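Should a chain be cited, it is by its letter among A, B, C and D, assigned in written order, with residues numbered from 1 in that chain.
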């Protein structure tokens, strides 16, 4: 609606868009020039990432696990890593470049990000140890779990949650307690006297 | 609605009602036993009140004026005192007992309040200097301005403020500025930089 | 002030370092989730505070401060910025020791704890509270340069409370019950008389504001809410309700909160707050800074009912346009209005005019003075004028 | 706990010293009007705070804290108690240096200052923001004893902001514009994809919450409001909007905020928050303390529209009654409900069941697990059960 414009704001300069336009899409849109090898990535990872994520991406303490977890998704303890869960490798570029290392965001060069991803892909058995990742071959990388994602289907798969006249009286015979939070006892309660009910 | 009662709260004990039931009405309801003279009141006033209200109730600094102001109500500087403005003497008992001396509320004895009011009435020329105020003669005291009060009559006196279709276009010819706050310059502005517009 | 007359979507001369340089907050971690168990505004908002006017009162314990209306929007006043009026300072009442007594013309004189009150059916309502003295300094002419000072004795809050009617029914009203007196537990023992019809209609005994407990300066743990009626009646730190057959003529309804007219006589029991409005932006504390598109906004309210319309003039009342009312428009609540306008540096004389569903139209100051003279102090709901000069500076003025 | 079974309006044994002794606050002056230019809660409310659960996260800069729902009432969450979720700590952004860029598939790539945004037409709306992970710890069974922890990742606030549609129109959308990506200026550079239909429908670019500026932890000076959709999408410290023809599949919409089902497959783009409710009182942090009349209250909300009804059971779902909805009931806002009930010390199993104007009925946890299994983490809107024992103590339980 050209006529309805207020004329507020100003045109962004190319340098400004370039500075902030750091997002990467699965189709490769946004990928900067550059490249990096698994080997380079390993060195960088040990230096800048392993303290939190473990030497092999296995996660230190409670920090995120980045590799492994294959076949765990149906188990009682799914491990959702780049290899076992993520649908697209592009996500790792988009995320690592903008957010990692945690507390030192946006300090990595493009080559460093390519190398780190090459290393993470190798830790996840997606590429070989001599792999060199670059803008050119990036979109050729496919992650194993991509096809397991599908669009929100709640309106059909959960159609039975739309219902008329839910039961109001004598809806069940007897009721049994099947679980109690107090058994697990993980609620923080030190600070709040009002929570001490015993 | 007896049936609709929740049964919350408990009956107040007589001592409890007595402790809090400190209000006084123009008809004398609530007046406690006791008495006090103008002379006693003067001494008390000098001791406990004059620092703020002046020796004769004329008000120290910007603290409230309690006496005088007769005939000022139509002027550009009305002085609203117990004598010039207040409709009922009972108000002074109700108020002084609950709120004065400022910062030492509810410390006066009943006799002291009677005496202080006797003094204030004499400062306002409502009673003679030898007057003794007591529960018995309290409601006989009439304040001069009582009849000047009437009930809110905005719905009749200001009926013209209810109107259909106020003017929307070409409502006046010219507009002149008749007053400016900046001339008076009493707005606090030291702390608020956003208010400095020059 | 420096006025920026910025052409539409003009290019910047060189890249903006705010964009091309990585800011600290985009690189380094900020404070974590345990830093502020109860939050506070950003340090960049330190100027958004209640302010008092020292010369107004002899001391600060019986005094008032003012809500920065020009910094707010929408219809909710955040609790930290609700103006304060106390008569003996802020009572810091221990809720475990707080009691509410009902005595007088009732079948049972009762004492309630806070626990008792919280076990009664409750309701939530958004209401404005305006001090009857709001704009009182302006009766004789334009005095204070800022809507915070001319109109800042108002706030608008969602209250949670028990209908007073339920409490009175617990006690059981005698047939001659005609008035109640409400009394605070503060050092002023604040007390006011309220007709029984109002008490049984829409008054609430409130213990929460905007979701959380009342603030101490707003009457914690208990205050009465008297919708549409003057703020002084909304007794804080409420400790007692006496039921009677007559009004009490307490100090705050005789010496104060009576309206002295030009003939020397005075109206009493002027409880309801008439329809009123004010443009909060632009205003003296919020001048215009840019030519081109600008947002004019303000608030309107009526103690008699619901705001139905607000008109705004930019030329001192020659021509008016109807403003856009936005957001929930509720009875006895502030309503928010907007006029999106274009400004090219011409002098403006801005006014707003509120109307309510009783047909009341906010009067001009001249119309008000014609009835009431200059000595009323209270209930000044006259139309406010802001003069915007060519440089954007905005002043409180009066016009013909 | 000691239970008080108090007969109706019983007499006290002896006069209550809270009444017969003059309290300090009724005698001595409290603090004056200059004491708290920006106010804070009474010292007696120090326990009403956001709380975090340390074992949940590796550190506190990417973590969450929880709103004390059991201490609140009505529908407004006060700003000091709005739960926080950040991924790189609280960004303390200087508003003078904050910029909003729109780039991508637009006619003009634009940069806005905060001043620019505040000159655009704005509106005010009350919306809930619920984290998709709210109640996420409860997928496998009852875990946390307190609605603050089971349901406290929600707040409900009145926002002031510019319709996103207006900003996109300023830039001019290309015909192939299908998605936008919103990005924060924080150290996590938080980014999410939003379909263009939603962007043009009801999203706001907000700069105020509950009347005042956004709090730093809520995105000061700018956040996007995505009504009814999961909180993670409401990007804070909003610095950029890119318009594109496809979604981005950012980390927060692939690695996180996708819903892993029992068959190992995952739903993505599960944006809308289903209808949900919780009883906030009684609850584990707010046990019953008295026999006799009591107030049961809670909140209900639906991202699909407006709450139409809430049913409550006290006997574990055998019998239900329809609760009283109170206060404004607005689309994509929390609604408040009450059941005033009498308790004589019997064991209670309390549940609430929300319905919205699309006909959706909040499912039981069993019904939800039957479709989704136990690994979903997000979007747990199953019916919550509180067990009230004879002594009033209240527990988080699951029942058959």
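Just so we're on the same page, a residue touches a chain if its C-beta (ideal position, glycine included) is under 8 Å from a C-beta of that chain, and two chains touch if they have at least 3 such contacts.
Because the structure is a prediction, the values reported are computed rather than measured.
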item	value
For chain A paired with chain B, centre-to-centre distance based on mean C-alpha positions, whole Å	68
Whole-Å gap between the CA centroids of chain A and chain D	23
Intercentroid distance (Cα basis), chain D paired with chain C, Å	28
Interface hub residues of chain A, defined as touching at least two other chains	5-11, 16, 20, 102-103, 105-106
Residues of chain D engaged with two or more neighbouring chains	9, 12, 16, 19, 26-29, 51-52, 61, 88, 101, 108, 110-111, 119-120, 170, 187, 189, 292-293
Overall pattern in which the protein chains touch one another (line/ring/star/complete/other)	other
Inter-chain touch pairs (all)	A-C, A-D, B-C, B-D, C-D
Residue ranges of chain B touching chain C (in the complex, touch as defined)	1-2, 4-12, 16-17, 20-27, 29, 52, 61-64, 73-74, 76, 78, 80, 82, 85-88, 90-92, 94-95, 98-99, 102-103, 105-106, 148-154, 157-158, 160-164, 166-182, 184, 186-189, 191-195, 197-198
Chain A partner contacts - residues on chain D that touch it in the complex	1, 47, 51-55, 57-58, 61-62, 87-88, 101-103, 108-112, 116-117, 119-120, 141-146, 149, 166, 169-172, 181, 183, 187-189, 191, 239-240, 242, 244, 246, 248-251, 254-255, 258, 260, 262-272, 274, 284-287, 311, 315-321, 349, 353, 355, 358-363, 367, 371, 374-375, 387, 392-400
Residue numbers on chain D that touch chain C, as the complex places them	9, 12, 16, 18-19, 23, 25-45, 48-52, 59-61, 63-65, 71-82, 84-86, 88-95, 97-99, 101, 108, 110-111, 115, 118-126, 158-160, 170, 185-187, 189, 208, 210-217, 220-221, 237, 289-290, 292-295, 326-328, 330, 336, 338, 340
Sites on chain B touched by chain D in the complex	5-11, 13, 15-16, 19-20, 102-107
Residues of chain C that touch chain A when the two form their complex	6-12, 14-16, 19-20, 22, 26-29, 292-293
